[in-house]
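Each structure below is given as structure tokens.
Across the two complexes that follow, subunit A remains constant while its partner is subunit B and subsequently subunit C.
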Partner chain A sequence: MERDKNFILGVYDDEDVLLDAISKVRGSGVKIHEVYSPFPVHGIDDVLGYKRSKLPIAAFLFGMLGTTLALTMQFYMMKFDWPMIIGGKDHAAVPDFIPVTFELTVLLAAFGMVGVFMIASNLKPWGQPRIFDIRITDDKHVMAIDLAVNSSMAENQLTDVLKNSGASEVNFKSFE
Partner chain B sequence: MHVTSSVRQPLITGGKTLKDVTHDISRQVEAKPSMGWLLAFLFSVGVLLLGSIALVATLWEGIGMWGLNKTVGWAWDITNFVWWVGIGHAGTLISAVLLLFRQKWRMAINRAAEAMTIFAVICAAMFPVIHMGRPWLGAYWALPLPNTFGSLWVNFNSPLLWDVFAISTYFSVSLVFWYIGLIPDFATIRDRASGIRKTIYGALSFGWDGAAKTWSRYESVALILAGLATPLVLSVHTIVSFDFATSVIPGWHTTIFPPYFVAGAIFSGFAMVLTLMIVTRKVFHLEDYITIGHIELMNIVIIITGSIVGIAYITEFFIAWYSGVAAEQYAFMNRMFGPYWWAYWSMMTCNVISPQLFWFKKIRTSIVATFLLSLVVNIGMWFERFVIIVTSLHRDYLPSSWAMFYPTISDVGVYLFTFGLFFTLFFLFAKFFPVINMAEIKSIVKSTSEKVTK
Partner chain C sequence: MGHSTTNYNLDQKFDFTAGLKKTIFTILIIGAVILTAGILTAALGGGHGDAHAEGGHAFHWYQRLYANLWINNVYFTGIAVIGVFFFAIQYAAQAGWSASLLRIFLSFGYWLPFAGIIMIVSYAILGHDIFHWTHKELFDVNSPEYDKIIDGKGAFFFWPLEKGTFPAFFIIRMVVFFAAWVLFFNKLRKLSYQEDLNPGNQTWFQIRKWSALFLVFFAVSSSVSAWDWVMSIDTHWFSTMFGWYVFASWFVAGLSAMTLVTVFLKERGYLEMVNENHIHDLGKFVFAFSIFWTYIWFSQFLLIYYANIPEESVYFIERLQSDVYSPFIFVNLALNFFLPFLVLMTRDAKRHGIFLKLICSLIIIGHWFDFFLMVQPGTLGHNGGFGLMEIGMLLVFGSLVTYVVLNNLSKRNLIAKNHPMLEESYHHHI
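Right after this comes the complex of A and B.
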């Protein structure tokens, strides 16, 4: 059986039942492909064993890039390329450069981080998501388990694990 | 599990389930436009077209069409600019600052408030662009573009230039923040739709699938954007106030301006949010999501910021007297008792006295009173900017050049244009976008609803 094609799905109605279920299912040695929810469930990354997102680091680096670009641009234009005396101020009037530097730092940090988020999560206008269950964006949480990855367990064994963990339905889903 | 104190009012009433939330919000997007919406929309487009006559006249003839003269070089245009930018402060404040403070009541109003912010900033940006006179050359005056004028750059010492960067950063970051929040909700609408609607909302939803990993990243993006947007909101009106505060005009040259402008901006922004949300909740039957409790909390923000604004007015007046500077003292006496006394006292009544009525619980929990007072606050905040700008300029250092400012039909028409634009955009948003953040509301259904789902 090929990976990433045939899935067994546990459908859950309640986020607290879901959090418990993830621990139980993982505890019985089943590898979870992914859990899909209609809203962000707090604590789900811990029980799934996901590492903390590195997006804050991306935001910081893009922010530093913004700071550097803004200061370089202002010093180059005001001090070196075309120095002018404005109100008797120093050509490199550093306090005057702070507002624009701040704004460009925020701008690059925000856009850089969001760009990385879009790429990392594969979000794009022409994206065609794999919809495991149409009710994921409405009111159901769905735990997807790849049958090929868990080939050591029989299908009815997996069904029992999901049922015992509190799933309200257990379904199968195959993708081309 | 999240535990909510029993003294807290439920944020969602009517015993809503997750399915009800999806249905109640998506229904507005899926239904055929109602007659009421159509009439309101066409009316806004009408105002937009009417105002565009004045806009075209101004662009064709130049800003001589306005009531400005050699003494009063900034008046109606910049008043409108500051007023719209101020209104544009509530949205990002609600979604960013209240997110950092974990105020869950923001979830019912943040989507519409952010939309309002974006549209208000678009309206605001119109004025500085038009008042350049030849806006088609404006990019060279406002942006550091390489040019053939001898590679003379824009002046980074000028607060007017800081404003260009502040407003454009604020607009684009707010837009991104708003759109990231919309993606999961577009996916909800996509999964309920068929045909062309499915294609359009499918593209808008960027292929969202609701995976736990994506939600986890989404949450960290939202948190960091909130952290970035919070100082950004404060910086924008601070920099707008620098346009005045860094000058040497009596009445403008004061260090109190940045905090005073920011408080005023939040004050007027919340008033506009209330005006729009009271109508939206009624028209779309969202009373279970935007409850009296939400309205009361927004009114409390209005009391606080209104009181800060009141204290700022009094402080400014005291400092003018205490400074011993005759020109400064005259500027303030002229505001109160000069030819524009009516503008000053309108501002004082609308901004300082009227919000104090919200100390009465009966008034701050009354929809009619809140709606009327929100309009009063918006009128008052327009007068505040008019008073600061026009009364400080019209009697300058040379009594021989003292003058009055009277708006012309073009001044009024361009203002009308921005109203048309704002409401046209808002009505389009209210019809085609989910007005409440469904995904966020769903995350609190279990902990704050009257009836827990299971």
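Right after this comes the complex of A and C.
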């Protein structure tokens, strides 16, 4: 069985039941692929055992890129390409460069962070996001379990684990 | 789940042990010794010879002592009033996360009465040596010392009396600000302690009302006190950002002091309810307002630098082109911007006491340098500097303030046990 193709889905009505269920399901040795919720659930990262996001590192690197680009651009323009005396200051008057540097740092950090997030969460324009259950944008929480990853357990075993954890229904979903 | 504040001893009190008192007392003695050494060096070191100082007066060694007294008193007044301000902000914003920390913020206000007395008494002693505008001849048209610009600003200090006599308006403002701050502090303090006895929301609403009134008053008085006590030293010069600049400096220093006390109490096993999430939020405040201070500092600097109008740029020329003060401009920026910005940027640094202890201590020293740079160039000129007297006076003031704050903190419950949002604070999670 190939990975990322066949899933078993536990559907939950309530986020407290969901949080409890995640611990139970993980406790019984099942590896959860992903949990989908219509709204942010507080503390879900902890029970899922997720590591902290690396997004701040991307933001920092893009911010540094912005700082470097802004300073390079201004030095090149003001000192080498077209030197002008403004207000009797030196061509490369660094304090004057700071506002533009600040703005470009913020701009690139923000754009970079959004871009990286889009790509990492498969929301990129050329990506094909998979919809496990249309109701995750409405009122249901869905826990997706990759059957290939949990091949040590039979399907009916997994169904039992999900049912016992408080799932209101258990479905199967296959992708091409 | 299932945890609640009721699992904890909410009547816990901070034990201000004899050992701790001894440590503070030792620092006080060390400070006093260094201060005395500084005074002796200055007094015996021939500080008299220099006749071409400010306003044609000869420079005397005690002027440096006065300047130091003024720097520290203005600085620690700010830290004290920021404690009350931050307490009031929590109520006005209906904040829940901070409910377990409120008593720490509030305890800083206990320094205010002392600060007020020191301020008024020291003005009486040192006013003439610190403030150029107190000189009578500046307002006399027939005097060669007559100064048209200062004469134009005279009413701000002397109204309703004649210019050059007794600065009635200035003194009235000083007294009114301190009186109102202390009254608001007392009101908030009493209501907060009253809450310990009556459960329910009633007191919370009352505190919110008084907090809102205090914030309105503080918005005006913090700005005006910055003009009065600091900006008027450079009497010719003015900056429309100065009120914000001083407030920002006070606020970061106050936040750092409150964070330090919280981390210190936490390390000694108090405040079981407070966890790394609360510490993280305090860290974020220190981080954010360090950047805010830098923003204000730089905005003031950039506009003056860019426009390059002599009457404005003199302030920075006096500092940047001085052998005495120019290094401290960079010390100021390094301690108050680069260090907190780079070190407190990561989440982990804001959640662990060790980083916060280091950075907050350095910020408190850093903002002392900020006030040092505001006061000394205008009062002492090239006779100023950072030496024994400065270190000694900072240690003396610092230990006294710490003693008053901790001593009063130990007298009541550490946690406002009937605060309606205590449970929310307990479950705070970020």
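As a working rule, the second predicted complex is superposed on the first by the 171 of 176 C-alpha atoms of A that agree within 3 Å, B and C clash if a C-alpha of one lies under 4 Å from a C-alpha of the other, contacts with A are read in each partner's own complex, and residues count from 1 in each chain.
Assume a contact is a pair of C-beta atoms (placed from the backbone, for glycine too) under 8 Å apart; a residue touches a chain by one contact, two chains touch by 3 or more.
Owing to the predicted nature of the structure, the values given are computational and were not obtained by experimental measurement.
By the touch criterion stated above, A:Ser53 is placed in contact with subunit B alone, subunit C being left untouched.
Of the two partner chains placed by superposition, only subunit B is touched by A:Trp126; subunit C is not. More subunit A residues lie in contact with B than with the other chain of the pair subunit B and subunit C. Look at A:Asp4: by the touch rule set out above, it reaches neither subunit B nor subunit C.
Once the two complexes are laid over each other on the shared chain, residue contacts for A:Gly87 go to subunit B and to subunit C alike. When the two structures are aligned on the shared chain, A:Glu155 is found in touch with neither subunit B nor subunit C.
Common to the subunit B and subunit C interfaces on subunit A are residues 42, 52, 56, 87, 96, 99.
Residues 1-2, 17-19, 22, 144, 150-157, 159, 161-162, 165-166, 169, 172-173, 176-177, 180, 183-184, 187-188, 190-192, 203-204, 206-221, 224-225, 228-229, 231-232, 235, 239, 242, 439-440, 442-443, 446, 453-454 of subunit B are the ones that touch subunit A when the two sit in their complex. Subunit A meets subunit B in the complex at residues 13-16, 34-42, 44-45, 48, 50, 52-53, 55-56, 59, 73-74, 77-78, 81-82, 84, 86-87, 89, 93, 96-97, 99-100, 102-104, 106-107, 109-111, 113-114, 117-118, 120-132, 134, 136-139.
Put simply, subunit A touches subunit C in their complex at residues 42-43, 52, 56, 60, 87-88, 95-96, 98-99.
By the touch rule above, subunit C contacts subunit A in their complex via residues 298, 301-302, 305-308, 345-347, 429.
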